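Letters A, B and C mark the chains as written, and numbering starts fresh at 1 in each.
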Amino acid sequence: METYYDIVFEGKTIPGKDPLEVRKALASVLKKDAGTVETLFSGRPFTLRRQVEGETAEKFKSKFESAGAICVLKPVAGAVEPAGQPTSASIPSAAPKKSLPATGHILLTNVENIPGMTTVEHFGLVAGSTIRAKHIGRDIMASFRNLVGGEIKSYTELLQESRQQATERMMEQARQLGANAVVNVRYSTSSIAQGAAELYAYGTAVRVE
Amino acid sequence: METLLIFFVLMGVGYAAGTFAEKRHYRSIHTREQALLRLPAVTTRTSHYADTQIESADLVLGSAVISVDYFKQFVAMLRKIFGGTVRSYETLLDRARREAVLRMKEVAGDAVVIVNVRIEAAPIGKKSRKGNVSCVEAVAYGTALWLRPS
Amino acid sequence: MKYTPRLPVSEVNVTPRSALKEFVLLAGALTGIVVGGYLVLGLAVDLIVPRLSVDFEKKLAGAFFSALESKPGRTEHERWVQTLTDRLQARCAGLPYRLKIRVQESPAVNALALPGGHVVVFSGLLNTVASENELAFILAHEMGHFNHRDHLRGAGRALVLMTISAALFGPDSDISAALGHVLNITELSFSRGQETAADEFGLDVLQCAYGHAAGATDFFRKIPASQDPGVFGHYFSSHPENQRRISHLDALIGQKGYETGGENTRG
């Protein structure tokens, strides 16, 4: 049976390496922007990769080390679950951090907490807003559609994209604060410009375990 | 020919004044956000403080009205032809909402937390023929909690 | 649940784009598209218009100019000018439709060629011309425009552009009004090339009708330097323009060997 590991970064860098260089290298390896990489150095452990099997784990570790970041391979006990789902609380606490979402992934709910998990700390209000317009070709098609009725796909797409982007921005802000979940999310809009879809999503950023 | 000249003058004035006001506003927002960081605003209804700890609770509200300049309106119109994010209005809404939250926090004074914060924004002013509005009003309100002195 | 005060690192809610660059890019793209579209439209109209049948043109004109068609009774001036026109047409200018003359009481010294074979002659013009030959040349010039279907080209392009503008921005928007003004200036007054071609046609008709080309340039020599052009003022675009036309006509007369010494018939 293969062993699976979580690759955890605790903020330690190879001594002698310029911290700025390490951040830059790490940003390009992880394909994240500077803000997100900065939060990795807050002192708390971050799981960079979850449930990677032995050999690949070693490869990742050396890749991160060449960027200048010292990572620890922590073996994951228990059955391997598909990535993206928080593991249930039945996993024995030999794994130091249980049921964390994959790095960068933010859980969203519109109730007061994440059911089944404990809120450890909160960071206050986070919000994402966007305002998007569709190009004029779609507007003309839509006005034709007004004659015959039916779904106006281009506007549905526009609103979906808008909602998506607003939510993404809210999650990005939460990520920058070091949170991994946003609770009590609310959506609202203000019809500020005709022909453009404006959406605002806000909630409380928390860190759950 | 005169109309074209007037148009360019309005655009120039709008751009210069608008950008200056926007930068100054953002600087003010950043400094005040830093200062008021100690007072969290949350959208959850409950706080982790026990009822016995809480001395008083009160509704606090902050609002701001920010207006658009001519340059922003024109660029928004162009953007609606080609599609994409309308950046000129993004800054407007962002500033208005953050300003409203900051004013709400300022009203709360030495409260320990503001719970159940809601933020609304609405267009204000006569809608022009193109359907664009001239200003937006943002309102932020929540319940501020003060703790008993222990 | 403890609170950790932290501020976000970047401005997530604002797209990191420079406002000025965005404006320049979008405005440039829009002007490029508009100019390109205009050129394409011009080409398309130039291709289609010569193929429009005369019947179709009459029908189009009928819709707009029914007022002109149904005027009760005609003044003596009108009848006289009409007779002159008919003579010119019958003998020398082979147009597929009969030109209908209308004389409009107005101090304007001008004549308009409108779709459907309508020619509006202002009374000011009639008062200014001194000889029949002069008037004949002007009428022949208008016939030239009709022959080359110049009036349709300008009107066609203007109509399509106005329709597009109305569809995009609304019929009563600033842009449509501005476009209307621009089109007035550029489209409804004929281009230089069209004017020159009409001049040449007029000259040929004049020679054919009278046997000589006297009176062709009389009218142009009369126009004072400064005159308000008016919307349809293709006679008055500029004094150098008139000078050019005079020289061109004189050159043509020399080239084709027309005589200028013939008698001018008084009208």
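As a working rule, contacts are C-beta pairs under 8 Å (C-beta built on N, C-alpha and C of every residue); 3 or more make two chains touch, one makes a residue touch a chain.
Note that the coordinates shown come from a computational prediction; the quantities given were computed from them, not determined experimentally.
Chemist: Quick one: most central chain, C-alpha centroids?
Modeler: Checking distances from each chain centre to the full centroid gives B.
Chemist: Higher C-beta contact count, A-C or A-B?
Modeler: A-B
Chemist: Roughly how far is chain B from chain C, centre to centre by C-alpha average, rounded to an integer in Å?
Modeler: Result: the chain centres lie 55 Å from each other.
Chemist: So how far apart, in whole Å, are chain A and chain C when each is placed at the average of its C-alpha atoms?
Modeler: So the centre of chain A lies 65 Å away from the centre of chain C.
Chemist: Quick one: report the Å distance separating chain A from chain B, using the average Cα coordinate of each chain.
Modeler: For chain A versus chain B, the centre distance works out to 26 Å.
Chemist: Can you list the chain A residues in contact with two or more other chains?
Modeler: Correct list: 122-124, 127, 129-130, 136.
Chemist: Provide the list of chain C residues touching at least two other chains, using ranges where the numbers run on.
Modeler: 1, 3, 5-7, 13 - these are the residues of chain C that touch more than one other chain.
Chemist: What are the residue numbers in chain B that touch two or more other chains?
Modeler: As it turns out, chain B has residues touching two or more other chains at 40, 79, 81-82, 85, 90, 93-94, 130.
Chemist: Which residues, counting only chain C, touch chain B once they are in their complex?
Modeler: 1, 3, 5-7, 11, 13-15, 17, 19-20, 22-23, 26-27, 29-30, 170, 172-173, 178
Chemist: Name, in rising order, each residue of chain A that touches chain C in their complex.
Modeler: Touch list, chain A to chain C: 33-35, 38-39, 119-124, 126-130, 136, 140, 169-170, 172-173, 176-178, 206.
Chemist: Show which residues of chain B lie in contact with chain A when the two form their complex.
Modeler: That would be residues 40-46, 76, 79-86, 89-90, 92-94, 97, 101, 117-123, 127, 130-133, 136 of chain B.
Chemist: Which positions of chain B touch chain C when the two form their complex?
Modeler: 3, 15, 19, 33-34, 37-38, 40, 48, 71-72, 74-75, 78-79, 81-82, 85, 87-88, 90-91, 93-94, 113, 129-130
Chemist: Would you pull the chain C residues touching chain A in the complex into a rising list?
Modeler: Touch list, chain C to chain A: 1-10, 12-13, 167-168.
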